[in-house]
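Each of the next two complexes has chain A plus one other chain: chain B in the first, chain C in the second.
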Partner chain A sequence: MSEGVDNWGQWFEGLRLRELKAFEKAKLPDKDDPRWRWADAAALEIPQMTPAPIPAIETLVLAKQHAAELFENPLAQIVFVDGHLAAFSALPEKWVKKGVHFLPLSQAKQEIPALVAPMLFQSIHSLGGDPFVRWHRAGNAEGVFLHVPKGVALDGLLSVVHFTHAQNATLCPHALCLLEENTQASLVQSLHSLSPSPAFVCEETEIFLGKNAALNHSGIQNLDTLVRCQRAQAAVLGEGARLRDFSTQLGAKLDRRECNVQLAGARADARLFSVGVPCKGQCFDQRTYQGHLAPDTSSDLFYKNGVLAQGRSVFSGMIDVKPKAQGTAAYQSNRNLLMSDSAQAVSMPGLEIGANDVKCSHGATDAPIDPEQLFYLRQRGIGEQQARALLLEGFLTEVIERTEMGELKAPLQKLLAQKLEGCLDGR
Partner chain B sequence: MKASLEIKDLSVSIGERPILKDFSLTINKGEIHALMGPNGTGKSTLAKALAGHPDYTVTGGQALMDGQDLLALSPEQRARWGLFMAFQYPLEIEGVSIANFIRAALQARLKEGEDFSAGDYYKELYAKMDALKMDRAFTARALNVGFSGGEKKRCEVLQMMMLKPAYALLDETDSGLDIDALRIVAEGVNALRGPDFGALVITHYQRLLDYIVPDFVHVMADGRIVKSGGKELALELEKHGYEGIAQA
Partner chain C sequence: MQTPDDSALNLDREKGNFSYDVDYAYDAGVGLSEKTIDYISEVKKEAQWIRKFRHDALKIFNEKPLPLNWAPKDIQNVEFDKIRYYLSQGQMPSRDWEDVPDKIKETFERLGVPEQERKFLAGVEAQFDSESAYSRMKEELAKQGVIFMGSTEALREHPEIFRPWFGKVIPVDDNKFSALNSAVFSGGSFIYVPKGVKVKQPLQAYFRINAESFGQFERTLIIADEGAEVTYMEGCTAPRFETSTLHSAVVELVALKGAKIQYITVQNWSNNVFNLVTKRGWAEEDAQVRWIDCNIGSRLTMKYPAVVLNGKRARGEVTSIALANTGQVQDTGAKMIHLADETTSNVVSKSISVGTGRATYRGLTHMKPGLKGCKSNVVCDALLINTNSRTDTYPAINITGDKHFVQHEASVSKVNAEQIFYMRQRGIGEKEALSLSVNGFINELARQFPMEYSVELKRLIEMEMEGSVG
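Moving on, here comes the complex of A and B:
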């Protein structure tokens, strides 16, 4: 496919048009589809595509400043506002020399099209969001292209930040990650807002891990509460590949996130983590798939939500062990802490086992704050609101610790504290 | 103002069931009282009701701390006023480290404009842990999660030593402790002993009272004190049991 193409611009445009056709033919999401069970009605609507204009220079500068405060010394960082490039601090020369690519997607399409083309838009999304993915691909998909060639192990954090800004903008953040054999990388994708305006964020993340590749991937969603968010992520893991995936949901009015993992090679291993804190009027909806296609693969999903008053969380997960996947170990656990009588959590764990030699378990628990724990903290002089916040933070900390992504701990705790300050006050 | 914790005719129910019945006891600052009694007589109920546990309804009587109405306050206010309860069964709090927990408790006591020095805090914390022979690695561990019975009790005493209450209710802090730990923990309590500290030590074992020598010993049965005396009362109990006491 890549050889002999003399106009890559046209080639990518052809790809986009095919996706547009697919979108026009696609069956739109509907509430009778089990994959949309318990979803908010608003989550089913596909809005008009309305890309935002290029932001003013002050806005871009502001975005750059905010992004700089997020993480300590990332190895490289790309910042977008409404899908337009705001800042790009490129990889140090050392890594470029080794053949690593970490670029805005549009730039990669121009500079290294033959590398991008074979894998772009190749992911399959089976969890209900496919029409949105087509819409995303047909629209202004922009984001990051990461390629780590054979044998290279990156030792720092790669960061991509998307900000929403303009009223009613539609954003299509995209990430395409290709890790070849025996590689290592850490990528964090963050979604934030520069202004309190409604927007629609429609994201696709594509992850392909070669033999023994290891990726730490995290997503931090801290959008303004007027923003609606629809996200689809698909990862394919080759032999011995390792994925650590960690999602944080704090902002947005409605955030649906689909996470699809295919353990395609023997001994591939996926650890999936998530923390979410939906508060008043927010709904976080997660759909996951742990597909075991090869022998001796393992996956472990650990998702926790601390649901505040009038917040809502939905979790639907599926472990699917194919007949060939003997020796599979697959776990799935969704735990929700209900911080109020008006907090709501829906949990639908699922399991389908086609092999006989497997270790599998799944479970879901919903529990209110333990009044005995609350009393214990208050007996020490800690006020009720603060005691509740401490218990919630502690509940979520277990996940953060288990991710072993130490570099995210401090930034996350800061965001979490900010969120709780805003939500637990004045109740 | 009286420097005492004064419990007058206190009656407490759990749900519809009366547990404490016109219970009276005055603990002056500088005194240590031991409270003994068979299982289920209401010793923990007394401690929890004084600390403000929401499940325990006060149906009559009073509790005054230095002349102030304790029962009108929230649990956290009582704690900040200087009341500490070491739990018979300390709770496990996942994800909250001991260091952060005690720090939050201390910060909750800061007055307007007061500063908190993290450096001084850790210095003091480590010194107290050393005194209690607790490994410093404990500071980073989640509060009581996976602690042995004895470790939990030591951790209660550590909290008390850091928070420096005016009055402490120690609910079976000796249970689960090995002999060395018993001595160490008792030393911790004795370190607080003085004219500004009063304590109620709830225990089943006279052995603790060899280390924390009480000024008074009270025996409780069916929701009230049935006998009071000096340290020798505990020895008598050891010999004759509660039934012997009730008959005497």
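Moving on, here comes the complex of A and C:
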């Protein structure tokens, strides 16, 4: 498709216009569609595209400072404000020499278009948010391009940070990750806000893992509570590939995240983790798909929500085992801790099994804080508020531990503590 | 060991695969229109309010789309305008076996209905196409005030008891098929058990489709007054015709304060029957509603027995076994709606898919805001026999509040190879070993069926499994 292109600018513009056309023709999200069952009504609306202007220098500097505080010594980091590049600390020379690309998407489109073009916007999501994906692709999609060539194993954290800032801005953060055969990388994508302003974040993440490639991918969403967020992520795993995916939902008013994993090669393995803490009118909507297309593949999903007063969580997951995928092992677990009388948790775990030599199970639980545990802590002089916070933290930490992404533990615990401080009072 | 002939109900599908040419005295013809409904209403000499109820329901049926956004695709193949909606030989059920028309009597005799009654039933109602052909209840129950009769009779003779609950647990517009049933319902059982009366032996209905391209739309309403207890069993068969047949029942159960209702179904329709049934129980304070449901037959079954837990400490239970063989879709499940404090629900579902059969569990657990102390437990296990067998699980759980405990778990597995090896090693043939293993899988649930049913169930499963090895 991209052979012998003279003008890459035009080529990418053509791609964008095709997506725009597809968006205009797309059927809009529909509340009767099972993929939107029990979704917030507001989640179905597609807003007007209003990209924000380039922020002032001081805003960009502020963003750079905030981003620097997030993780200790990332290998490389790219920072955006309202979709505009604010800071870019590139990969050390050693990795560049090995042919690794970690660049802002716009830069990659200019410098290595032939590498970007074949895979950009090729992901199939199909968990309900497709019109949003079209909208994203037709808009100002900006973000990161990661390419790891055959046999290279990166040993540090790659970080991409998006900040919202301008009033009512629409952002389209994009990530395209291509990991070739026998590679290894860790990528964290964070969404934060510089100011308490409403905005609409419409994100797409595309992950392609070649034979025996291993990616640790995490997404931290800590947007301002006026922001609405709609995200779609799709990963295709080749033979023996491994994906660790970890999502944290703390901010935003409404955050819908779709996570589609296709285990396309034999023995591919995906572990999906998530923690969410919705409170005070927040709704976190999680839709997942574990598609087993090849034999001897395995997947394990572990999603936990600690739902506080007036918070709402929606989990809908599907394990789909195709007839070819004999020898599959697939698990799915959604556990919700309901911390208030006004907390709501919806859970729709699903199985569609078309092969018989499989081990598949799913489970969902909803429960309050164990009064005995609370009593134990209170008895030892810990205040009610603090005791509840501790128990919630313990509940969520189990997920963080299981991700085996040690580098994220401290930053996440800090964000979680901030969140609980703002949420648990005035229960 | 009981041989098939000794068993109370011969549920063997071959036993049911016969039909008679019957001269129907009343036939509403093919297709559905306002005229069909007027015809049914006139034949039944119904009160004006029932006729209006039917007409309103028809409008809703015509307006409502099929639930294509989630339902199995085969539902589109129901040909509503090719179905015969009412057929009967006369609308008064006989009280005496001798008075039943010969051909109908022959049918039920082949199926063992009168033997059944003599053996252990407190009452029996046998429906042949649209109307009850035979209805009888033991005298002592009648003396205690128990009412057990067909829908037409009951609405005519006891409107003061049945009308207040009729169409209340399942509103006409609940779904397209509840609307269809409300428009053309005929037959079924209406039961009233007075305060404190505990009916020890089960009441039973037997449903038989005899005519080709026929739709059976029975309507059942069981009211157990305060502290009353009753068990009801239904069985169904139809001959194998070339064209498809539709069975679309509405079953409403009302358990008032402290009452207990147990409703047992063994569904063994032939493989051309669309079985699209709405079943729901209403439980007041301290009441219990329990559905024991077994689906073996039909082409497509869509059935999700529900319990609305409306009073404090009410309890709802569903125990379900489904067997889907090649050409069959068993789309079954349970819905538990918690509307009061300290209500509890328990669902245990086991399904077996054989050949290219597809078994689906579809469920709902809902706890409305502002409640405390509710508990719900759902367990579904699926067993896949062949490499291309298929199973799906679609539960939905919607909980508000921090005073409830809810859990759902499901698992899918194939027949345990080690178990088979163990048995084969001890000289048990492969077929027998497989059948033993499958029976072991459902044993815990099968035991909860009355003895006669559980024996039949095991035998049926053995039969269905034949030829599935290799």
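Note that the second predicted complex is superposed on the first by the 427 of 427 C-alpha atoms of A that agree within 3 Å, B and C clash if a C-alpha of one lies under 4 Å from a C-alpha of the other, contacts with A are read in each partner's own complex, and residues count from 1 in each chain.
Note that in this section contacts are C-beta pairs under 8 Å (C-beta built on N, C-alpha and C of every residue); 3 or more make two chains touch, one makes a residue touch a chain.
These numbers come from a predicted model, not from an experiment.
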Chain B and chain C placed together on chain A: clash or fit? fit
Contacts of A:E45 with chain B and chain C, given as first, second, both or neither: neither
Practice problem: Name the contact category of A:D357: first (chain B only), second (chain C only), both, or neither. | Solution: second
Task = Applying the touch criterion given at the start, work out whether A:D32 contacts chain B, chain C, both or neither, answering first, second, both or neither.
result = second
Q.
By the touch definition at the top of the document, which applies to A:E111: first (chain B), second (chain C), both, or neither?
A. neither
Rounded to the nearest 10 degrees, the Cα-centre angle chain B-chain A-chain C in the superposed arrangement comes to 80
In this superposition, the partner of chain A with more touched residues, chain B or chain C, is C
- Query: Which of the two partners, first being chain B and second being chain C, lies in contact with A:L391: first, second, both, or neither?
  - Reply: first
Of the partners chain B and chain C, which touch A:F375 in the superposed model: first, second, both, neither? first
- Query: Of the partners chain B and chain C, which touch A:L338 in the superposed model: first, second, both, neither?
  - Reply: second
Superposed, chain B and chain C have a smallest C-alpha gap in Å of 15
Chain A residues touching chain C in their complex are 32-34, 37-38, 323, 326, 336, 338-369
The residues of chain B that touch chain A in their complex are 51-55, 74-76, 78-80, 84-85, 87, 90-91, 93-96, 100-102, 104-105, 108-109, 142, 159, 163
In the complex, the residues of chain A that touch chain B are 370-373, 375-384, 386-387, 390-391, 393-398, 401
The residues of chain C that touch chain A in their complex are 69-70, 369-370, 382, 384-414
